[in-house]
Amino acid sequence: MKPLSLASINFAWLPILPLIIVAVAAMVVLLAGVGVEDEESEGLGWLTLASLGVAFIFALGLVGGTGVAFAGEIAVDGFSAFFQLLILVAAAFVVLMSLDYAGENRLSGAEYYSLILFSTLGMMLMATAGDLIVIFLGLETMSIAVYALAGMRRRDPRSNEAAIKYFLLGAFSTGFLLYGIALIYGATGTVKLAPIHAALSASMAGNPLLLLGLGMLLIGFGFKVAAVPFHTWTPDVYEGAPTPVTAFMATGVKIGAFAGFVRVFMVNLGPISTHWHAALWVLAAITMTAGNLIALVQTNIKRMLAYSAIAHAGYLLVGMTAAAAYAGSAIMYYLIGYAFTNLGAFAVVIAVERRGAAAGDSISDYRGLARRSPALAAAMAIFLLSLTGVPPLAGFVGKFYIFSAALRSGYVGLVVIAVLNSVTSAYYYFSVIVAIYMQEGGLGHPTLSTRPALAAAIGLAVLATILIGIYPEPYVSAASSAFNSALGAGFMHMTAMLH
Amino acid sequence: MPMGLFWFLAVVTVIASLGVILQRNPVHCLLSLVVTLLAIAVIFIGEDAVVVGFLQAIVYAGAIMVLFLFVIWLLNIGADTGPSGHLALKFFGGVAAAALIAELLIFLLPPHLKVKFAGHSATYGSIESLARTLFSQYIVAFEITSILLLIAIVGAVALARRGPGSQLAKSASGSAPAERVL
Amino acid sequence: MVPLPYMMALSAIVFVIGVAGFITRRNILIMFMSVELMLNAVNLAFIGLASRLGTMDGQVIVFFVMTVAAAEAAVGLAIIISVFRNRETVRADELNLLKW
Amino acid sequence: MTVEFGALGLILLFPLIGVLFNLFLGARLGRRWVNIVGPGVIFIAFALGIWAFAKILSMPAGSELHYKLWDWIEGGSFHVEFGLRIDALSAVMVLIVTGIGAFIHLYSDGYMAHDADYARFFTYMNLFALAMLILVLADNLLMMFVGWEGVGLCSYLLIAFWYSNPEFAYNGRKAFIANRVGDAGFILGMLTIIAVLGHGGVWSLDFGTIHRHLGLFTTTTATVACLLLFLGATGKSAQIPLYVWLPDAMVGPTPVSALIHAATMVTAGVYMVARLNFLYMLAPSAMMVVATIGAVTALFAGTIAIVQSDIKKVLAYSTISQLGYMFLGVGSGAFAAGIFHVMTHAFFKGLLFLCAGSVIHGLGGEQDMTRMGGLRKVMPITFWTMLIATIAISAIPPFSGFFSKDMILAGAYGSGHFGLWIIGVITAGITGFYMFRLLFLTFFGESRVDPERLHHAHESPPVMTIPLIVLAIAAAIGGWVGLPDGFLWGDLFSRFLAPTVGTFTPTVATPGVLLSVIALAISIVGIIIAWVLYIWMPGLPYLIAWRAKALYTLLLQKYYIDQFYNLIVTRPLFFVSNWILHRGVDRFAIDGTVNGTGIALETSGAIARRSETGNIQHYAFIYLLGVIGIVAYYLFLVMR
Amino acid sequence: MGSGILTATIFVPLLGAAFVMIQRDERAVWNSAFIFSLVPLALSFYLFAAFNPHSADYQFVEQYQWIPQFGISYHLGVDGISLLLVLLTTILITLSLLYSGGGDISERPREFCFFMLVLETGLLGTLLSIDVFLFYVFWEVMLIPMYFLIGIWGHGRKVYAAIKFVLFTMVGSLLMLAAIIYLVLQAQHHFGRLSFDLPLLYQVPLTQTQGEWLFAAFALAFAIKVPIFPLHTWLPDAHTEAPTAGSVILAGVMLKMGTYGFLRFAIPLFPAVALEAVPVFLALAIVGIIYGALVAMVQPDLKRLVAYSSVSHLGFVILGIFALDPAGVEGAIYQMLNHGISTGALFLLVGMLYMRRHTREISEFGGLWKSVPIYAGVFMVVMLSSVGLPGLNGFVGEFLILLGTYLHSWLAAVFAVTGVILGALYLLWTYERVMFGPITHAVNETIADLSGREIAVMVPLIALMLFMGLYPKPLIDRMAPSVEKMLVPIRVAELQRDQQHHSSALARLFDLDNQSSLSRGLLRGRAGEGVPEASSGVREVLNDRVLDERAGERLAIQKMAAK
């Protein structure tokens, strides 16, 4: 029996350096946090932010890479780099908006920031994984950390409830995802993505075991991205969790989940897209529709944003249904815009919430915000408009890209449904604008001036939302080259494995 | 593994797992779960997964289940009391579960079950082969699991730790009895 | 060797028993136990498939699943405790502050 | 021979100056200036008109003066200019408009002496003159339409001049709307002509161009165009079925009634038909319609005039009746006769209105003839001038009305419309009757005037009586330019117009003088009956009215036409608009659907929301349903 | 390439919007907003003057790459169709700002000016974009400021009106977005490159079905914006509840974006389908004309009345457009300008009245002429312009539209002409109730006449009414070549249709003998199967009739073919 050698498993530090940095940073924060009072955790936040920045710089180095590492467990390609960068940015935003929040709400700083870093690690793993097990473990890393984060307001029964709901349903869903992995393992004899891809090419497509596995994976990912009918946790958890955590769930978790989802389905299971696009079609349609319809009648802004997030998952699923390279980059572009917009929106929610209380989340609390804090009002309006898909904001170009992809693949009916849904969504987004600008007498007390970090987060999000919309060219090319590199890497890996 | 043994273990597994979901007292349920896990551990061993089988028995049925038991006692949870008023859920849940099992079985029984069989070496399932695979093919995953456990610790500490955690402390629905327990 | 369909059927049955338990039992601890049942059912499938396929991957995965189960148990039970502290209940249907 | 003649622009310029002056400076500079500028600009225009007329006379027959102001509308290939032209026909009209207009403006100085809004009044009057001049000077149909609508606007503004009275305002609007109905026809008529010509590659509405390309018209297209244009004429010239506005228009100041609703504007329809005589000649059936409508209107309005007691109403119905004559004339092909009657009618009807105005002015606003009587001595000038006008309208030679009416009746007979001729003759009798009835009731007999008013009654000031005298002279001798052919200098008028409107050639041999004698006889009979009823046996009319109550009421109520229109047009229109369209379609059907969609969406949202019960197990159940669904889908794929 | 003048025209207002936001003093806000709106006004006058009236092409073109991956470029240009609308936009925005500064808007003036200027950017961008994507971006951009204008500074049910406005418009525009994408993908299919450039898209060959669906999507978006009956119900609400300046821009400019869309996109992109759809649109236009007028007549609220009158007037515009005749289209464009000016002026006048009395109920007024003669006089002129009195602007457009319509279908013109009557009916009646009669409410005796600022707002509008009524030539000259060019594909499609008709007629001719023999054979066959003898006579007759009909048809077709 051969002794183990690092070379035989393409051991390479560089591709996982960002991951390592984040993991180490998490532990450092944990240690540094010993003895730090809950109210004074801001320094930990800055430390977290700095480490995310370092990771970001190293992740930039991954752009343009191709190939695999660690026996195919890690995919070194533009796709991973793209998502890692996006996730790091989202995490950084969340940290930025947590800086004051954590202290004000007396969350345990060390645990809080290290858990954020850990879950960031999980998300990055999902984006980087070259194998179903790493995806599964990444997903669990992310989820378990987020379960805990959701319950960080230990004395807030709503926070507890969010945590338990998320946890139980998450664990339940894990079962299905794992079952899917098991079945695919049974059908193909491997859990590594590239060989699965290779096996598919060898006329594996009709295998019932594979199909059932496919279905189960669909369910598992569907849960994480909050596709109807696997979405039920979303509104409750978004509402109950501490708002920065909600922002993280709405952006980071969703991006991570989509990273895995897209890589597995569009890249590696792409050749048998005929076996899943119909199911996704239906999922996309009911996700958009249900999300938007229920959002219409919401009165709590976080809950409304949760349903809106469901609806947006639906639009993303439209892109997935299209199942082609251009659709993949469309999804990726959409996620950029979606991330900034949602982060910004949740940042505003934090700003409007009353300190140390969950109150202030009702849409009626936003009445007259334009008078009390014009800048905040304008920012929120921009985010809501972007979510509606009004040009020239990021949300619009994203929608445009997704619809283009779907039409290009011939899904006219789905696009029409999506379009009508967009109209419906305008109603509830605009209702918030109505409250902000056209009604009086809300109770929200925005305190932006005393929270410079939050203000910075909002400002940056506004800038990004506008810039990405007006000048989408670099992001579009980044997304498309990233996705194509994943496609290419898949094949290269395949040849690598044959040796 | 002889078929007879398998049948025996299978029946035990199913009965015990039914026991998990049908008994009223959580401790009884937990005990049934332990039985299930042990039966499954034996099946593992019978399927040439000796190491995993033992791990199952020790770590799973042992450590994890003790954790459960500890929590049950900690929270002093008795048998399900109170109105058992969600019969509809039970009924429809049962029906849905039946439908699911029917669907799954169609997939998993011949003629649809197609798996490429391959023989395996004598060392299959040994601790060495397990380790070799683990540290060559799944080194990253292995490392992640370590982080995962760390997260679990951090998370558990963060959640179960006493302290403010939020300024809403007072508004919680009078947590006096729970405080007493802990 | 036990025929694969037997193994798969057993795994499916246990899995669905877990699912059924999750939906029908109100005690969140027992619901969590049902999840453990589901995970074990999947493990069963992994082990069964692994030995037929002749690869160790399945067994390694079971090892990982156990770790994950342990981690989940730790966090999950912590969550349950913190819920119980605030709400003095472990009944799923009483945890409905958040709805609609 | 066409000559570019810049002074045509000046004819328009002076009224325009008047408009602007009165509008912006009038109220500021005061009554003195307005009284000078208002009539002054029209007198200048009159002088220019005479210059142009003289120029036409000095040129060979058939010449015209032309002046292009600027290019106006171009659309696609269609092109039309803002161009002016004067030929024999428009020269006559310009003289009528500016001449009579000038004197009526002068008269207005006196009539409006006590009204505070004199500046506005003269603004409107000058604007009217401007529009009317555009109408008659236009060298194309579209520009004519500018004047056509412009005079309608002024009519509207002047009828509603005393706007504080809601009824006056209503009457103004009624006039405008009735005119608009006609104008819709006019527009369609123009469009038909453009379409017909355009089909042949000619894109114009120029009168000369239409004339040159008559060959492009078929009888049908010409008939359609003519009838549509004639619809416009029925509106403007108050013919059946659109005459209803004119009697109501009498609520305006009396000079307005004289100028607009008697002398000039209402004859625009006749002018238009005469102007397009060549086109109408292509459409005999359209001509027939014109003549018939004219004749019937003449009789119809005459009968109503018999029983009216408001002095201006009688004159109004008389005007309608006389306009009917004119259409009878042009409809019979006797275009010159029609225009001739336009001219004489302008003299005597303008005069009649001015006299009536003088009476009203003298009596401090009294219009009811039953409260007049015996005014002969109080206002002698008014009496004598009015007498002349009444004789003229009653077609007694040698006053002007005789010659023109005679010419029209000859035309009607000569073109073979024997029935129409009879109607015309009967109407002549009726005319004599009601006009003398008016004269007798007003100036003869016992005074029935309110003593208070009588005390203040006075003859009008010279600024008003001078125009009366001038017009009386015109009404008396104005007809002499169109004597029957072969008598003295003969028919100068028709000969002058012949190059423009052609000569009337009878298709039926006429018995000559006999026709005139019959008409004259009937007229005299009418006058005698009036004398009998109102001078000799003043109680008799009441007896007749009592005996023939039904007929009397029918006439008094003007055949219930207003009520009829109200019932079948106005009320249903409002009902449909309000209840069916606004409330039914707009609010209920469309908005209901829109809001209903919204409500449906919200409701389904509210229902779907119930699935989020907050119970984890329900969530898991929903999840499970999704699982079953997806697995079923794959089962389906496998089993397929 | 390009001089940048169009970019400047579009974005100077946006710059102004930013500038306004940093002003502290209220006076400074109004002044700077006004001054910034003068810049595009001056630029558009320059465009008007420098525009080459003999060219049908886009002028002052600017083109830069924007999102090359999608073939999207920043492509601007102005032609005869958009030139005048640009001018209208800049004029109305400037006047609206001038008016609003006079006390109409007292709350949050900074934001008001901001949104007005952003709106101007949106409107101008919509008109000047040649790239369809860019067009769509501006198309949606103009929606938002208007939403805020209605929602913040509106009256009554302003929120309902604003939301209704947005949702109505969005339904159409998003479907149009889908159609745009589909069309571009078809273009890519045919030309091998992704491009949103309008001139290229004009040439995309489409199948009948594709064309129909795409046209439907475009037409729906524009029809809602116009609005065409029965999609008009957002309009009365939005117009009524909007602040005066909002109503002016909404009616004056924004509705024109719909009709402009038909001219620029829906018709030239899908000429064959547009040709087929003509009867539908003519019918809807006529219904709109009559319906709008009748419903306007019974409105008790002045602003609502003017709003419904817009439905009627825009019906005329649609009529002219779908006459697909140069005269009609030119008339339609002209009528767009007219409507912008007259209805804009009407809204301003109603706003002035509202500012004085805080009510718009017609029954609250009466006899106003006595107290506010200048106002009444101005109102009269504006009303007459709206009625379409010859000599004022309204007539020119209306007449050309009717001409175009008549050339296409005399029947349509006959129906449409009733609008001329009804227009006078409701406007005069309104005028009568407001201005004439005795003063019924004592308050009305003392209300102030127009202020200097208000006169300054109205004078340019009235001057335009007179100028455009008397001398439309410079305007029509500039639009004519572009209109002709726009109609070329329609003429081609007409020819193709006629040819198809022709050839299918020929085909039927050849097929005829087979068919008649076939039917005869059928009859005979049945007779052979023992149909009772009694019916044979019937059969003979039937047989003969079939043959007769065929023969007649054949004759007709032969005639046609000979032509």
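In this document, chain identifiers A, B, C, D and E correspond to the written order of the chains, with residue numbering beginning at 1 in each.
In the analysis below, a contact is a pair of C-beta atoms (placed from the backbone, for glycine too) under 8 Å apart; a residue touches a chain by one contact, two chains touch by 3 or more.
Fair warning: this is a prediction, and the values are worked out from it, not measured in the lab.
A.B. asks: What is the shortest path, in steps, from subunit B to subunit C when you may only step between chains that touch?
C.D. replies: Graph distance in the chain contact network comes out at 1.
A.B. asks: Give me the chains shared as neighbours by subunit B and subunit D.
C.D. replies: A, C
A.B. asks: What are the two chains with the top count of C-beta contact pairs?
C.D. replies: Result of the pairwise contact count: B-C comes out on top.
A.B. asks: Report the chain whose mean Cα position is at the greatest distance from that of subunit C.
C.D. replies: The chain lying farthest from subunit C is D.
A.B. asks: By mean C-alpha coordinates, which chain is most distant from subunit E?
C.D. replies: Chain centre farthest from subunit E's centre: B.
A.B. asks: By Cα centroids, which chain is closest to the centre of the whole protein?
C.D. replies: The most central chain here turns out to be E.
A.B. asks: Could you tell me the distance, in whole angstrom, between the mean C-alpha positions of subunit A and subunit C?
C.D. replies: 25
A.B. asks: Calculate how many whole Å lie between the centre of subunit B and the centre of subunit E, each centre taken as the average of the chain's C-alpha atoms.
C.D. replies: Centre separation, subunit B to subunit E: 68 Å.
A.B. asks: Using mean CA coordinates as chain centres, what's the subunit A-subunit B distance in Å?
C.D. replies: Here subunit A and subunit B have centroids separated by 28 Å.
A.B. asks: So what's the Cα centroid distance for subunit D and subunit E, whole Å?
C.D. replies: It comes to 36 Å between the two C-alpha centres.
A.B. asks: Using the touch rule from the top of the page, what residues of subunit D touch 2 or more other chains?
C.D. replies: Correct list: 598, 609, 612, 614, 616-618, 620-621, 624-625, 627, 631, 634, 638.
A.B. asks: Listing for subunit C: what residues touch at least two other chains?
C.D. replies: 15, 18-19, 22-24, 26, 28, 31-32, 49-50, 53, 55, 57, 60, 64, 68, 71-72, 75, 78-80, 82, 85-87, 92-93, 95-100
A.B. asks: When you check subunit B against every other chain, which residues touch at least two of them?
C.D. replies: Residues 86, 89, 93, 96-97, 100, 104, 107-108, 112-113, 115-116, 118, 132, 137-138, 141, 145, 148, 151-152, 155-159, 172-173 of subunit B each touch two or more of the other chains.
A.B. asks: Give every touching pair of chains, nothing left out.
C.D. replies: A-B, A-C, A-D, A-E, B-C, B-D, C-D, D-E
A.B. asks: Quick check: in the complex, which residue numbers of subunit C touch subunit B?
C.D. replies: Interface residues on the subunit C side: 1-2, 4-21, 23-27, 29-30, 32-34, 36-37, 40, 43-44, 47-57, 59-60, 62-64, 66-75, 77-82, 84-88, 90-91, 93.
A.B. asks: Give the list of subunit A residues in touch with subunit B in this complex.
C.D. replies: Against subunit B, subunit A makes touches at 1, 4, 8-9, 11, 16, 23, 27, 30, 38, 70-71, 73-74, 104-108, 111-112, 114-115, 118, 121, 125, 131, 133-134, 137-138, 140-141, 144-145, 147-148, 151-157, 159, 163, 186-187, 189, 207-209, 212, 356-358.
A.B. asks: In the complex formed with subunit D, which residues of subunit B make contact?
C.D. replies: For subunit B paired with subunit D, touching residues are 86, 89, 92-93, 96-97, 99-100, 103-104, 106-107, 112.
A.B. asks: Spell out the part of subunit D that touches subunit A in their complex, as residue ranges.
C.D. replies: 598, 601-602, 604-606, 608-609, 611-612, 614, 616, 618-620, 622-623, 625-627, 629-631, 633-634, 637-638
A.B. asks: Any idea which subunit C residues touch subunit D in the complex?
C.D. replies: Interface residues on the subunit C side: 19, 22-24, 26, 28, 31, 92-93, 95-100.
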